[in-house]
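Naming follows writing order (A, B, C, D and E), and every chain is counted from residue 1.
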């Protein structure tokens, strides 16, 4: 009886979960009158399905989805690869080594960053140049400062992880907007960053890194250190240990993390909205444009939505399989 | 193959001093076993030798090199970990050969070394399996195989058998001993199982809280423990201790019972006459019934028949005592029983310092 | 307190039959220990009694109730899990009191029961700690405390000591035994450590692959094992087995060595004359030197001094043999040694069925 | 290649447009034609309407050559003008030039006295109604009985609401009218159409939004209040959920037969005529949006009465335009393409292509009836074109607002409108709030500069 | 150990985040103290805290804070309750569990934009099935997206639909870390399922819960896509969230200084919420660890 109730709860939630997806799917096969005349539910019974919306989608009448699709795929994959590569490396270092960062050095970085920027700009450098100069100056100064026995608290590995994570706490509009300003400044210097593959890839890499570091750190922490020590004793260089032993061992974790990252990049809207104009538009932007001048052509919108969802559905299946074998477990502390 | 020597080695973790000061010399080709209770610093010592843990003070030498600040890879030690630490994604062959490949040895040489190790360890049928398809004992042997292809100066073993079941443990013990004989290498072996220590070692180092309590060969350890700690640690069931007063030719228990001391022992202890000391006697040096001059009455609380003999646990003069008696010796809980002590085997310790007198 | 009886109990997991058919009667206030190698179905049996695992066939009775289909909460059993299964987020006090609070007992009563359990188990200083701040032995006692405040009909212990170190294990063994005596409850205790089984049990149930091999008191088990499995399983080091032929007043080894059989044993075995059988002899029933009529020459491969005695491991007629000799008995690896067998203690088994003849 | 004329082989023009099919498909189609003719290539980049302005602006401000051709709303011209390349004079010397309706040619395509852009679509609001209902004798009789005059396309807003009320019959799934009410759904143009009738005084051209002498916001004068009250009234005659309607929705509900009339850009007529999408095809009538007898005179602060209803058809949005950012590397080719896109032949084809979104803006579009017959019956076509042309040529046609900082002005407008529609604030309060913000914005942006811009956009000479 | 290789490992990530993620903030911070407008173009000038002051004085800012908080708190609370319940159900090994697991994950992986589009269709007053179902059982046609309170409720519902899977995923992972034997011990004490939940499951998962809820709160505060598509912030500004507000200011009006200031106020709001949350929850967690 109790199991029955539990099963019913699951069924209810299944319905809640699947109905909207089902609705989008059937709607994409409806002819316009079957949509506008009020809801219809079952193909062949309520209405005669048609492939028109799909034909339209593929023929590009409502905007060409192939290009955003390709863009999303390229940017998604490269950002994922970079984020997972950089993030895993950082997470690994954070698990296996200790880092000590003086708070004062961090503060110095921020102060020098702002001050340097203002100073250089007043000295007549262009905004992008003064930004770059301030960055280098601040970074160099704070690295040096970190060596000095400055007073004040010393931050350890957990703080560094938190620093990475705090990235996610910033409202994206703050960073996206700032990044937009930065990119356009750089653009004015002649290095195009807005609406470029690298611009998008770096942006997504940076904003996926916190999650990757967070997740991968847990996966690495779960790995037995002795295996690496065995290799160390065998005189295997760290880089090779990482690449040939750690990475293969953490592969399930890496795959799970990569999929979560890919999902994030694939679905991301705000950065894409702000930082792309034409060449590197991504799928969510394409989707948001499906509101039409002519009114909502729900069949077309549904087809477009299905196109955007499909790859993620495949991922859901894979992720669920990983989840079953308990691999996502590492994601918890 | 080489000598290993630790001089004035200190290890601190933050504020906690784990090893206050350690001096240890291990001869070339010697099989040294470190034993001690959990947390006494055995693993730490081993890892410092391997270079996996930096020393806080002191120097470590292997052969004629000072390796104190050398990174692990350059010390030419091989280590077998408690958890085996096999590379899970590699086959047995690759596990054994990986280090050589990294060092860039020739393929032919790698192959022949793997083949040789596999032959020695009886791993030929499993060369293409992954670790997870091996049994515990097989994994153990792979870990050893990985260590021997290196021709290391020193073998380091960290509780390699503790994950195995009793039967396999006994088998592997024999194999390791044989291996040592064949490879003629210096071995430092950590365990907290004293049977393992006794059966394997040329010399046993008994540690406690980071301090070496005694270094000696197994039989000396059993027969002439340097102090109460060693006496209690070596031998199972543990040695019994009774607070007694020495009165020339006998010892007097708290309840007034007097136990005669054999002549030669009494002579040796003459200097301590009248002193309160600790009397140590192993359960196996007791017997049921009245078979000698030193007889006490024990009220058994628990009777533990082990088959060949039976343990009688009871109280004597306010101290818990375990006696090992013959399996057929009749005794029942709560019925006072006569137990004979073999006072020839007695040990006497200083009450304050615990040192053997 | 109550009898426990399992009748025709079968347990299947899907297609795999883990327990083919089990009949077991446990008397009121009896301390029964289930032993057997890993995976033989000990835990499963215990869990079926507790109701945590449904039986596939058969009935289980506790006292005069048929509890086969009763849910665990209503069977009035207490169980101590191998992993202790303490509630990690509760203090010791809450861990012990949780069940009573669930049952809605009065606060005063709960407090007094907790206090009593804490006193019995020496847990008073730790009542406000959480499990993770306790040592293994203390956790163990909390788990027991949780079990005893319940006044259960039956206590179930699943390898409660296997996570403890040797010393603590011996202590806790004694405590459990005392507890049983004090609480006068029926206890079913699972272990795969045969020393534990021997020392604790009123009766030991030896299981193998879901089948009961023998039920007997410890000494009987040691002295009169029903078959080779029990003989090998009980006793450490394990019994030695040699394939021999019975020739009236002697047994003949594969290499032709003849060992005389004592009169009374020979008489009992007369019916099997000329048959090939298995001879079983425990290491502790051998001795170094020529001390009796049955003497063999053993080439020791390994010598393991254990302190009180030494194990000599070598081959005899193609079979590996372990002999236990006196610590002082001189022998060295690879030098043939004379070993005497105490043929009075020999066991003879059917070669096919393994049954004791 | 000999047939490339002029030869733009190797040139790829990037043309921005809102997400298709509207306009984008017209650009696309023209692009193919242009490619065949000149060997160049046109790549259409599409954005949702809401993103178009920021995308263009940010790209142009950043000086990126992201676009060679942009298609946009006239209202944005003031913000874009500094970054646009002027139309080459050669285009203005052709015959096709004079064919463009005057209001586009001389007003909307001009900023600061220069021709900066090319209209590629005509836009104003006209009324559509269902002839099957309006011409049903039963209905006519019932209407007459109830309101005392004949049922016909409304000429004043009073009639409009009488008719709307008459046809509001939820039990039959029929409602009176539909207008766009959703924030961000072209809502305020519908409101402006109401407002134009009450505030676009024939004697004071350009006084609808601001006082053209002081730049004082007029948006809270009694004419506007009345318009807002009307606009709010429309909700009660619209289908449920109408508050969420965009201009797109009102077309679908009209084509779906759920409302008796609506007013909209030319699209309703085209969509409703298409039997594939429409349940009322063949029954669509068109007319000018209603007018008013009374118009507010901002100078005197009084309502002026006229003998006949004055129609002030509203040039809502003002039709899509095309222009060339000065950052483009292909300015010449880009203008060549725009000329091609808007030449009489191509544009005529586009006006009658379903889904092109292009509505008539050339005289020839109205005069050449033939292409229209492919979608309309003859009667429908005549009525449709007549309504369009009449509106376009109406003497008191009202121009849309064009100002620098356009979005700042319309944002507060949209917000307050939505609040008023939701009943959270009274119409007067809403409009007062808008006026206050408009004045503040004007001050912020520089009153003189804004005034000059406003006068320019309304076709008034500089002060 | 002092091993310089560790810098090789950490610097790529560190630099990327510093360069792309954090450093622009410094720039943006300086902008927030200036008046920078692209439309109509005006030269930047330093205005001190003016942008902040005028924002704080603006009711619209506080309204968006209120709206966003409301959406966040309601939706996260529901996500947590439903997600936990579903995770418990899945953990109980219901039949068809595999199918459930896959399907339950789906919404989380879908683009919020697509989700919002689909839901706009579902909630549509005339062509949507939800209103259709409601009218069929005699309820009035509900103004899901057109009345302020309904619109907020709709957004909350969509948020719940999309993000409950996240809670399910992590709570399930958390549940898997719980030892079965603890429950068996409780079952032997005859504790009911209800008591087991409150006595064991809930307190033991409190740390995980706290983390999940924290992440959801932080992430929810960023909501824009859903609102953007579903209501566009309307009716009026009833459903305008902080991010949407900032977007309008920045990318419609190109009022850059103002927008930067707004962004930093936004950051402040999130931090206030984060700190309040952590101070409330931490003692609870510490009490139990």
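Keep this in mind: a residue touches a chain if its C-beta (ideal position, glycine included) is under 8 Å from a C-beta of that chain, and two chains touch if they have at least 3 such contacts.
Just so it is clear, the model here is predicted, and its values are computed rather than measured.
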_Busiest interface, counted in C-beta pairs_ = A-E
*Quick one: point me to the chain whose Cα centre is farthest from that of chain C.*
D
*Averaging only over C-alpha atoms, locate the centres of chain C and chain D and give their separation in whole Å.*
93
_So the centre of each chain is just the mean of its C-alpha atoms; given that, what is the distance between chain D and chain E in Å?_
39
*Chain centre separation in whole Å, for chain E relative to chain C (CA means)*: 57
*Residue numbers in chain A touching 2 or more other chains?*
36-37, 273, 288, 290-291, 296
*What are the residue numbers in chain B that touch two or more other chains?*
none
*For chain D, write out the residues touching at least two other chains, lowest number first.*
58, 61, 253
*Any idea which chain B residues touch chain C in the complex?*
37-38, 165-167, 170, 173-174, 177-178, 192-193, 195, 198-199, 218-219, 222-223, 234-238, 282, 284, 301-302, 304-308, 311, 313, 327
_Sites on chain C touched by chain E in the complex_ = 50-52, 71-75, 77-79, 81, 83, 85-89, 98-99, 102-103, 130, 146, 150
*What part of chain D is in contact with chain A in the complex they form?*
14, 16, 18-25, 45-49, 51, 55, 58-59, 61-64, 66-67, 246-253, 255-256, 267, 271, 276-277, 279, 355, 357
*asked:* Applying the document's contact rule, which stretches of chain A touch chain E when the two form their complex?
replied: 2-3, 6-7, 9-10, 13-14, 16-18, 20-21, 23-24, 27, 35-39, 41, 82, 85-87, 89-90, 92-94, 96-97, 99, 110, 113-114, 117-118, 131, 134-135, 139, 164, 167-175, 177-179, 181-182, 185, 202-203, 205-207, 209-210, 213, 238-239, 242, 263, 266-267, 269-270, 273-274, 283-284, 287-288, 290-291, 296, 298, 301-302, 304-305, 308-309, 312-313, 315-317, 319-320, 323-324, 326, 328-329, 331-333
*Could you please specify the touching residues of chain E with respect to chain A in the complex?*
1, 3, 5-6, 8-10, 12-14, 16-31, 82, 85-86, 89-90, 92, 94-96, 98-115, 117-122, 124, 126-129, 132, 161, 165, 169-170, 172-174, 176-177, 193, 207-208, 211, 218-219, 221-222, 224-225, 228-229, 242-243, 246-247, 250-251, 256, 259-260, 263-264, 266-267, 270-271, 274
